Structures are given as structure tokens and as C-alpha cells.
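Labels for the chains are A, B, C and D, by order of writing; each one numbers its residues from 1.
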């Protein structure tokens, strides 16, 4: 049901004079500009400083960027080959030394260590990062495969520029000097104008001469600006984009919402009756996913597979006998009812089901107030659970306090996001591994508090596996656990939104050509854009 | 041609949400240039309304419903405000009843003179200032006050400023609406002297409104007596004193007696005027009139011309003009045949032999007011000593600010003296009042009670009389429920609120001022005190009610052998009620002794000034100063 | 003098209380700004990057020591004019951030407030003077109804009609492509951007003044000094202005000073709706981001602002109303 | 502080406006009884309109389940429908019935108004009365100081802070928060009022009758302040209703209940304007304005109680 009209089309050889994008930070900062990519709110994250590589979260392919290639020499040693001929905006040459400098700076200033290289956040910490010729070598104290996606995403700084600024997170960078495709043209406190660098290392691929970043419009404003062409691309939320945007000019206006993970119903497995797998199975059949996606996403998103993996993209990871189709459980209240009856949750007085021991069964459904799609999903689920005879009560409270409930484990069930990254240890693995229970101070992935030794083992193995075949086996274990133990019940795929116009530029990713995640790979997209005819 | 000619004027108030009423009905009179005319009548009789109509300042819901006002030959009854404006103040100026509040509080006095002077005359700049100073001197205020704000002036000064303002551009006619109410006797006296002098000097005409016949008589050439919106008598001032025609005028005159007489005897008019929205048929005064004949109840009397006077009374007309039924009414009388209040010197002599109930010994009180770093001291009471006996009424007399109330609050335990002591000789032997705290103070108050000056504010408007009277019973005597009700009814009867059942569930606002004051007294009696402190209990009441309350207090002393400390600034009422007088000036006792003695032979100059200030018809004959 | 000393003493005491409250309110509440910021950056449909959260915590620096020692430290910093670094705009100083928003709000809000006060007082006084006229009923009824509209709702309506449908005005921001400064292009942009927010604020604010002024004025019209002024034959204008309005204005002046406090509150909604770069929006942002240093300072700013306005109003009252100068309280 | 709000400090000086009664009959007396508060209020045309309108809203709130065609949270309708027979005013983006939401939304507004108003007035009454009665003592200084601080702290940011940081957002919390942030002005007015009343002779007289302090404050003085209390209640209730909507619009409302404010919030968040769902966006704001206007009109009537100058309008 996704938009299939292409953003493609053949482009000419000319240039796109200007594209308008929303600002990446709030506009009210006025002259308080900071281009430092390691500050809390850099004026732009994307166009000035570049990462080592870019992984397409949809098909998991890794595109070379400042690094031309990588290899895991062993589970604890990662080697990048750094691209030659890259120049910083000031004309100085970029080298492996800058890469090593950036990562070593994070060792000195842990506030900058967004990839967790120097601590044990995702696998073992690094012992050294060194430049060796055109190579950069990461030596870890143990297996560290899950750090890979974060490491390649770090923005590389110029050693010359950042070498003597002290704490980089406290440094206000007003004269950015990155390797990126654009440099700052002007900034007037609200409007950031970026101009194309002709000496960019892949300048031939960048056809946009000027980028204008202005304002952080809300949904309504963004819609208006998109319709009138004051904005060319937007990845924020716009309710009902097909009616509100595409329908107003279907030739030029397009949307593509890529699946970016799974939104699931997470029960608290430490509590009865959710500790009963039968009960959970019944829940899985009692969710009207089709209705949920209609209400929550205006049918923009597909209903989700119980496997916890995004289908059909990851169908290849499924073990037999599972397929993309049969892992999507149907909405079947009769079946759910039977399952509950069999398991002993009989209907009592007033048609409400009771616990096995006959005591009243009430479920408090914690809902993130203000997250309208979550609220809509919750409403839909509550409605069908009630039909099943379950006494569900929605309690809407601010997202912060839902987070607090995640930390304390003091909840019955809630809607939760399940990661679907390319490193399964960090995505689905984090949702299932028992060392990922949230703690008092940190929200980790295993909110439902599922625990299974086999799964733990599989996640552990995944963390040190760099070999695709081994990965598939382990992911199979996770998927199977999802299919048989129902730790969480996926509802629908969470969207990565791309809302764009094709009157100036074409070549945006589409469902047919999903070369990039529209939400977080705009830099990659930039190299694919061509002028419209 | 008269300066002001009022012809059959009627004024109606037609409020949206209550009964319409005719506040002024069919009033005709005229005033010549330079004439001083007094207008009297009790509260609510329509004096102010008449004045406002004359000034054409009536505001909604009031309007002139009938009649004409001719000023200097011009009919101003329906002139537009714009047309009136140039003649305002130049022809007719005024001092309002509430002239305390009629100065703009946020501008300096001079500016308020300036705007009117500059608007109406050609004077500008310095000349205006000079004129203002001149005016100030005329009304005897230090010219340095021209630059003051109104709140920096005392009440009396404000009144005088208003007077000066009224005379600022030498008008032909000045309307003075009770220009001295609320003022101290001494100050009042001074201002009125002033008015009279200026009027003689400048020759403007005056309509002087007051509810106090004594004040008016001593000033006016001619008197108008108003009752329930009508003029009931008009006569030259000197002849009305000798020969009042209307019974109401007689009643008003009867409320004055000579304090120097061995036996003072005053009369009062019982009851209250009619509700103006539901006038009775016949003479409006008939229900209160002791001379009433049958015709009064059925026929409304017109203003008969009787000799040089005019009066609206059937009886007087019959008596003096004769006619059908003249034989029944007998000879004209000079006095009001209503209830009387008598005080003889014999009674006082007896009272002064009672046992001592309270002794005040060298009491002083200093108030300290902090102002920033400076401490401002006020010596309110200084070294005062006296004794009060059971069955005795002692009057504490003095002008405003002389420390009377301060003494009262020390005696009742509200405040403590800074020096000296007050001793109460009750059942528990001699006890010092200042030592009472908490429960003891409450105990003490079961022996000492207070009657307040203002009966309007001393009764809670939200409570019924039954509640008000039952509280002291419950608090001091533990009487509750039915017994309390019985007792309340008894009390109401004691203060002559008959039949008591009709009053027990009423609210204070349903009563007249006199009735309220009686409730206040009943509340004090409920406690069965031995000492009653009455702080100016009649000064805010109409003359006719005053005597009524005094009578009640007098009865009380006789019947229950309590001691009363009667506080007043009015020597006449002191003489009528008290056995002993203590004169206070600036917190000191300047003179004290048996009442008759003090009043007949005042030793102190201050006492003499107080005596002179008594507004009485007789002061007219007595030479001033 | 006493009067003024008292006022100033009160001012200092309240200031201290307000400073302390501003310190306490954010601190007594749970919540983790670092987590929140990372979550915001990533969006709700993303897994929290734990490394990033940890880094963010290290960056912002978590408060340490007992509440008591924090309090003294806070007071010490305040005394040096050190308000800390904003979380949202890290590593910019809170004062820099506020400095950016201040002008926008000052211009927008101060202009509309003063204008609406003046308009409101004039309309109210005139309505009272012409009491029961058609003008009076239109003004009272109309302003009552309009005054009850929510500013936010008016903002929506204005946006819809004048920005979206008619396209006469921009939908958001304080300016667009011009360079801030005294140049025509910028002023033109600034004015057209401020227009709708100003109207949204202007529509509702005068109402209080109209009704308040009308009430006090009607009350004053019954006073004797007004009657006397009329008896003096002074022209209507003098009576209305110098006697009635002058006296009726007094409560409005103090009311105005107090209202300055509610000002930022009203501005939050409107500024947010129009994405206007002022303090109101900053305040909303600070709350949303749990930016304690910024929030604390904004609250301090507004409360001190009100206090000072109040002090000025009190002193002004002393000038305007001679009675107050002598009165004890 | 000498600053004063718009509430005239002058007491409803009933006693003095009343004519003195003749020895008279009960009939005459009744003619002079001050008008009962309800007839004073009713006598104003505006107040009449207000009372009737508020009455209609109350009826709607009470009988919402009978009037509303659907459950306001029932999201089983097709989303984004225009007005039709089943959905009188169309449906929301979640497939909820707009008309039913509007009808049920009345409840929250009225409940918040009623209880928020009561609570705020109650706090104001207690603090104002005690501080006024104790004027000049340290107790008064403390309470006045607290009142002044509460008056000076900007209300909306404080509410936002309080609500944003509390974990549940029931209507109770909203009521509580609104009440504790809005009592100060009224407390000050009451303090001023009680100071004028406290020096009346009847209070001293009550002391002479042996009454205790609390009884004096609450049995003797308070009954004389009904009009002020009533006026401040209507004012507080009106404010509370607006504040609830404001909070909801900021996303700080109670999302478990349908209120006009949450409707505004939801519709705005769902881009209702862009999708052409005008009724959904504009109707709640309009109803809110009508309800608040109606209450202001009632207040015009209440003003007549405390300010007889206005009665001849």
C-alpha cells in the first residue's frame, strides 16, 4: 500500500540551483550558531562533517564514504581503509590521522564518545585506535561487533582544527572545516545557506548548488510549505500525508514511508497473567493490526510480522518454516478466545475474564500521552481486547513517566519500539537478551523483561559474529523465540518518512529503489539527486 | 422678583428594582437675594433631593416629575446641561452634605480652585493663587494649605475649603447641605459662625439644609420645615421659635431644653416617617401626631397661610383660622404633647451616694506610631482619675480627639494604660483591669459591657436579632435553646421592642436607627453587667430618636442599679442623663463634678466653649462670646 | 521615605523567595534531560543510543553534592551573574540564549501590552462615561466575548485565514532571509512576521483593562467630587478626564504591572503557535527539553521583571495617589 | 503592598443603604429588606443570559451519555468523515465522533471550573481571612508575603513546570495545580475586605459577647462577604476552565478524558486545518469561549452584589 510512483525519472546533466530543507535545529537561537558536530545541537549534523561509512538500514548494505572499506580481522580488531584525495573545506588534506585523532579525542573527552568506543556500552571497549598509513586500526579488549554501526557513523574532525580547542563538546565551532559536500554560505540567525563545494571528493555526484535550511515547521506549517514549494523534502510527521499532500498534486508530491523498525505491544512478563505464554499467544491474535495501522498511520505502514523482523526486507533471515506471510499473525478473536478459555482465563461475571484462580483480571495499559500514533494504536488494541472480555484500562501519561515505568518495571503493558537495525544483537537482540533489562537510570531494550538462556546465548554469539551465515543462524533463534514465546507482539512497522517534491530534483529513494533510509541518510540521498526536467 | 422660585416641584425616584417613590412632593417656596433660609427635617425627608433638583444634578433614577424651578426669572427646570454650564457656580454654588468626600483626592486643593476660577472668570496664573489665598483667609485656614492634598486636611478644614470654594467666584446663591455633619461641636460652631459672617458681608442668598433645628434657627432668617417630602411649615425664624404652628415643628423644638435648668425636660416625636413609596392617605404626619383629629387621617392638608406663616396642618388651621370643627381642637399650644424625658437634680444627688464600682487612678495612655526610624508619640490620655458608682451615670465630655474612646477601651480591657491603673470593684474584690487576659478578660466582660456609637455598624447585618442576643447568653451564662429564646424575648421587651416575637427573627437592617440602638443595649443587658460603657450612643441618631434612647438608658440605671459611663461631646445630653460630668481636653481632665454644677458654673474656659457650642434655639438670644 | 523603604524591603524579600523557588522547583522533580535530548534527536521510533546518552550526561554535567550545597553554589553563581550553560543550546551560556530571545519578546509583547493597555483604558473610560449608550454595550459585550477566546485558538484561526488561505503573512518565525539589523529589508520582514502574533495577543489583552477601567470609573462617577465638579460647571471633558479617569486609573496602573507577569505565560502559546523566536517559545522549549538552567533563568527573569514592574508601579502609585504616600500600607 | 486589583475593597455596605423602618409592620419591613442575592443577579439581563447558558451546559454535561450519539472514545468509525447522520459533526482522524466529544468535553470543563473554582476560592478564603483578621501581626506578615510571592510567580510557566514533572495527569491534578496557582489575587482582595470588616463595631461587639476568634472570623465576618466570595468563585472558575484548555493545548492536559482542550490539542497535532477538518479545530474553541462568556455574564450579575453603583445599569 505504499506510494509506488517513482521519485526517479531521468535527470539532465545540469545543476539544481537550490533546495529548501527544514533547519536541523530550532530557529530561535539567532546568532548562537555552532557547527561543532559533537555539540548538543549543531546547526547541521549532515552537510559539513562526514562519517566513515554509511549503512543502509533497510538492506544493510554498507556504502563506503571516508573509509573505502573495512574488515574485522578478528572479533576484537577492526580495520578501516581510509579514502585518499579527500580535502577539508580549507583545502588541507584529510588522512587516517584525522580519523584516529577524532576517536582518540573521544577517549580523552568521554562526553564526545557517542559511539561508546571507549566503554563497554556495545560489546568490549577499545584499547587503542591508531592510524597506520591509510589504515585505521581499532583494537578492542574483546568482541565488539555491535559497535560497528555507531563507529562508522562518527563525524570525522580535522586534527588541525580541533587539536587545540580543549574540550570539544564545549567548543563553539563558528568556522566549520569538514570534508562534507557543502560549506557555509551564510547564516542570518534563522536561515542557514550552504553552498556546494566544488572540491568535494565526489563533487560530480552532488548536483545541488545551494541548500537553504530554515525553520522547524510543525506538521501544519510543513505541509503548507511543502505544498507551495517552500520546502522540498521533509521527514517529520504529517498526518495523513496522502490526502493532505500527495492528493493536492500527485505529479510532483510524493511520499515514501520506509519500515524503520517495529512498534510492538510489550507486556510485563514479570507479572501474571503475562508470564503465561498461552495468554500472550492469545494477545497476539487479538490485536487488530489492520485497524491500528489505519488509525495510527492512515494505512501508510504495513502490519508487522510476529518474527520481530521487518518483512519482506529481512525474509532471508527467517529460519524454516517461517516466511514473510505466515509470520504475520491474523486478527482472530475467536482463536484468541479459545486460547484463553483453554488456558483457564474463563469469562466471569459481567463477561469479564478472570485470572486462572478466579480473581478479577485487570490490565493497566500505559500509553505515551501526546504520541498520537501510539495513542491510536492503544485505542484500537484496547477496543479489541475488551471485545475479548479483558478488562483493559488505558492510562495516558507523559512519555517521560512511561519511561520511568520502563525503568522501574512497574507497568502491565505498553506500546514499545523494537529496533530493527542491521546489527541484530543491538536491535532485536537488545529486546530479548536478559542483560538488557532497563535499570533505574537507563532505559534499555528489554522492556518486557524476557529471559531465555538460548536467546541470551544467541545474542552473545551475535556480538562476536562478523560472518553472515553465522549471523543468520543466531537471528533464527531470536525469530523463533518471537514466534513461539511471544515476548512482545509486533503491531506495525514504524515509519522512516520521506515526503518530497520532484519539481526541482529527482532521484529520491522509493519503495522500488530503497537505496537509502529517507529519514537518516539524506547525505547519501544527496549523491543520487539529479535535476528534474 | 425672587432670586429662586420653586413652584410645585416634585421629584420621583424610580429605581429599576424597588418601589418608585416621590421624595419631594409639590414643594413651593421662594428665596430673595441675600436671604438666609433654613430647611430642616429628619433624615430621609427629602432635603438633599430637593437641593439636588435645584442644582439640576439629580441622577438616575431620580427626576423632576412635576413643577418648575425659576432662577432669576429663568426656568431652569429643563435646560440642557450645556446651557446650564455657564451659569453654574457663578449663580448657584454649593457645599455638599458629604463635603468631606467632595474634594478630588488626587489633585492639590489649589488646582481644584483653579479649574473653576479659570473656567468662569478671567483670572489666570498668579492672580488665581492670590484669590485662593484670599479665600483661605476668609474661611480662616492657614494659606500654606493651598498646596496640600485633601487628605492632608482635617475634616473641619475640608469643610471650610469647600465653603471657600463655594464662594470662590462670588455667587448669588449658595446651597449648603448639612455642611457640618460629622464634625466636632466646637468646629461646627466655628464654621457656622463663619458662614453667617460671610453671608452678611457678601450678601449672597443661602439655603441651609440641616436636620438639627437648633443649628438652623440660630442662623436663618426664615425656616422651612420638611416632612416626608413636603414643606409642612414655613415661618420667620424668630417667630417659629416663639410660636411654632405645625406639631412636627413643635416636636423638633421640644427636643431642646436648657441644660442650666434645675430640671431639664424634653419631648420627642415617637415613631418614624412614612415609607415614601406607600404614603398613607391623609396627613403624612398623622400617625405620629398627638394633636391628630379625624380629618387628619382622611384629608391631606394643604399649606394653609396662617398669619405670616404657612403650615400644612388641619388642627393648626382650625385653631388659628377657625372653621367647621374648630371648637374640638382647643387652643394652639407651643409644646409638643408627646412623650417626655425629665431629669431632676434630686435624682443625681441620690446617685452620687452609691458604692464605688470602678476607679480610674492616674491613668495615661501614649500611642507610639513607628514611621521608618522615627517613633511618633501621641499622648491620648494623661493622668486621668475618677470614680464611678453603682446606680450612677458619669458623663465623659470632650471634643473629638480628646481621648474619650481611648479611656473607654482601657476601661473595657481592649487596651491597657501606659501608666496608672483602672480598678474594678466586683464580686471578686478589687481587680486591676489591665491584668485580665484570655478567660479572665472574658469573665470581666460579663461585668462590663459596651454600647457603641453607631448602631448601624455594631449589629452584624447578616444575623438575626435572636442570634445576636442569644450569643452572650450562651457564652456567659450557658443559656441555650428554649431558655435562651425566652430570655431573648424578655430582653426585647425590656428595651421596648414590642411585641418581641415580631422582632426576634428580624435582621438589623429591618429596624430603624433607634430600634437598632435598643437592640445594642439589649445585647449589653443580656450579659447582666454591672457597668455599661456607652460611647456616644446617640450622636449619629436623629434628634427625635435621641431622647428616646436617653430615656431608655435612664430607666436602666434606675431599675438595675448599674453604673453607666456615658461618653459624649454634647453637654446637653450629658446634662440630661448624667449625675456627674468629667470634661476632657487633650487627654486631661479639665473639670469634673456634679453635672448641674459644672454646667451652671463652668470653671474652665474649655468647658465654656463646649457650652457655647451647644446648638440650641436659645443661643440666638444669648449674646455670643 | 518609610513608604519607599518598606517597598524596597518587600522587594528584596520576595526576590529572595522567588530565587529560591526557582532553584527548587526544577530540582525537586524527577527526569533526565540527557536521555530526553537523545530521544528527541533520534525520534520516538528509534532505539536509544546508550553510548550517546552516557556521553550526553557527561557533557551536561549532572548536579552533585547535597541540595543545600547546590543551593549555596547556585546563589554564589547568581551573585556573579553566572547562570550556567543551557542544555538545549549547549555549550552556549543561558544568558546568551536569553539575550537572543529577549528583544523579540520585548518588542512584540511590550508593544502589544502597552498598546492594549492604552486602548483598553481609553475604551473603558469612554464606555463608563457614556454608560448605557450603544457604544458602551458594544464595548462591554464585545470585549467580554472576545476576551474569552483562547489566544492559541485565535492564533490558529489567524494562521488559517491570513497565512494559509490568503497568504498575506508568513506562518512562522521572526524574519526570514534578511540580515538582522537596521536595514529596511529586515524591518519589513520583522514587521510582517510579528503582525499576526501581535494581533493574536492584542485581541484578548485589552479586555481586562476595558472592563476594569469601566468598573472603577463607574464607581468613581458616583463619588461626590465628580458631582461637585459638575456643579462647578466644568466642561465634560475636564470632569471625565481630570476627575473621573484620573482617579479610576490608579488601580489599573498596578494591575498593569502585575499583568506583566502573566505576559510571558500568554506569550508561550502564541509564540509557539507562530514559531516566534521570543522568550515565550524559549520557555516552552526549556520545559520540553528539561533545560533546567535555561528554565530557571527564564523564571528568574520574569519574576524579577514582575517584581521590578510591581515596585515601579507601587512607587508610581505613590506619585499618582498622594494618599498612598502617607498611608502605612 | 498597597497595590490592589480591580476588586473594589469597599464592603457591600448594606446597612447604610437601608432606610430606617417605621415602628412598622412586617410588610413594610420586607419592602426594605436588601434584595436577595439571587434576585439581584437575576435582575441583570446579562446575568440572566449567562445563567441560562451555563445551565444549558450543565444539563448537557449531566446528560451527556443520553445526548451524545456515541461514546467519545469509540474510535470505530471511519476516520475523516464529514458531517453525516451518524456522525453529526464528522469524525476525527482516529475515527472518533466529533459531536460526542464536544458533548462529553463539556463535563471536564465544568468539573474543572467547579472544583478548581471551589478549591482556589477556599484557599484564598482561608489565607485571606486569617491574614486579614490578624493584620499587623507576624502571622499576617507571613501570609501576606506568601500571597505576594504566589502573585508574582508567573502562573503559566509554573503550571507547566508542575504538570510537566508530575507522572500522572488526572483531572484532579489539573484542578489542584490550577487552584494552587490562582488563589493569590483573590486572597489579597479578601484580606483587604476583611480588614475593613474587622474594624466594624459588630466585630468588637462580638468580642464583648464572649465569642472566640474563629467564630468571629467564620460566623460573624464571613457571612458578610458572600458577594465577594461569590464573585471570586465565578472568577476563579472561569479562569480554571481557560487554564485547563491552555494546558491541554500545550499537551499537558489529562489525555484520558475528552475535553475541549484536548480536542484542540489533538486536532492541531493531527493537522486538522490542513486536512480541512474545521469543525474539529474550531468548535471546541468556540464552545469554550461561549461557556466562559456565559460565566463572565453571570459575574456581571454578581458584581452588582458587591458594587451597588452598577445596579442602575
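We take it that a residue touches a chain if its C-beta (ideal position, glycine included) is under 8 Å from a C-beta of that chain, and two chains touch if they have at least 3 such contacts.
Keep in mind that this is a model prediction, so the values were computed, not measured.
Chemist: Whose Cα centre is nearest the centre of all Cα atoms in view?
Modeler: Centroid comparison flags D as closest.
Chemist: Which pair, B-D or A-D, has more C-beta contacts?
Modeler: Contact tally favours B-D.
Chemist: Averaged over CA atoms, how far is the centre of subunit B from the centre of subunit D? Could you give it in whole Å?
Modeler: 45
Chemist: Using CA atom averages as chain centres, what separation in Å is found between subunit A and subunit D?
Modeler: Spacing between the chain centres: roughly 47 Å.
Chemist: Would you kindly tell me how far, in whole Å, the mean C-alpha position of subunit B lies from that of subunit A?
Modeler: For subunit A versus subunit B, the centre distance works out to 90 Å.
Chemist: Just give me the whole-number Å value for how far the CA centre of subunit A lies from that of subunit C.
Modeler: Roughly 40 Å, centre to centre.
Chemist: Tell me, which residues of subunit D touch at least two other chains?
Modeler: Subunit D, residues with two or more chain partners: 164, 167, 268, 273-274.
Chemist: On subunit A, where are the residues touching two or more other chains?
Modeler: 220, 224, 400, 404
Chemist: Which subunit C residues reach two or more other chains?
Modeler: Within subunit C, the residues that touch at least two other chains are 30-31, 159, 164.
Chemist: In the complex of these two chains, what residues of subunit C are touching subunit D?
Modeler: Spelled out, the residues of subunit C in touch with subunit D are 10, 13-14, 17-18, 21, 25-26, 29-31, 131-132, 141, 144-145, 147-150, 152-153, 156-157, 159-160, 164, 211-212, 215-216, 218-219, 221-222, 251-252, 254-255, 257-258, 261-262, 264-266, 268-269, 272, 283-284, 287-288, 295, 298-299, 302-303, 306-307, 310, 313-314, 317, 324, 327, 329.
Chemist: Subunit C touches which residues of subunit A in the complex?
Modeler: Checking each residue of subunit A against subunit C gives 26-32, 34, 39-41, 110-116, 119, 121-122, 150, 169-172, 188-191, 214-218, 220-221, 224-225, 260-261, 263, 368, 371, 374, 399-400, 403-404, 417, 419, 421, 426-427, 430, 441-445, 494-496, 519.
Chemist: Can you tell me which positions in subunit D touch subunit C when the two form their complex?
Modeler: 1-6, 8, 10, 46, 145, 148-149, 151-158, 160-162, 164-167, 238, 242, 245-246, 249-250, 264, 268, 273-274, 281-282, 285, 288-289, 292-293, 296-297, 303, 307, 309-310, 313
Chemist: Which subunit C residues qualify as touching subunit A in the complex?
Modeler: 30-32, 35-37, 43-56, 58-60, 87-92, 96-97, 100-101, 104, 159, 163-164, 171-180, 275, 277-278, 281-282, 285
Chemist: Per the contact definition, I'd like the list of subunit B residues that touch subunit D in the complex.
Modeler: Within the complex, subunit B contacts subunit D at residues 15-19, 43-44, 60-61, 270-275, 277-278, 287, 412, 414, 442, 445-446, 449-450, 452-454, 456-463, 468, 471-472, 475-476, 502, 506-515, 520, 523-524, 526-527.
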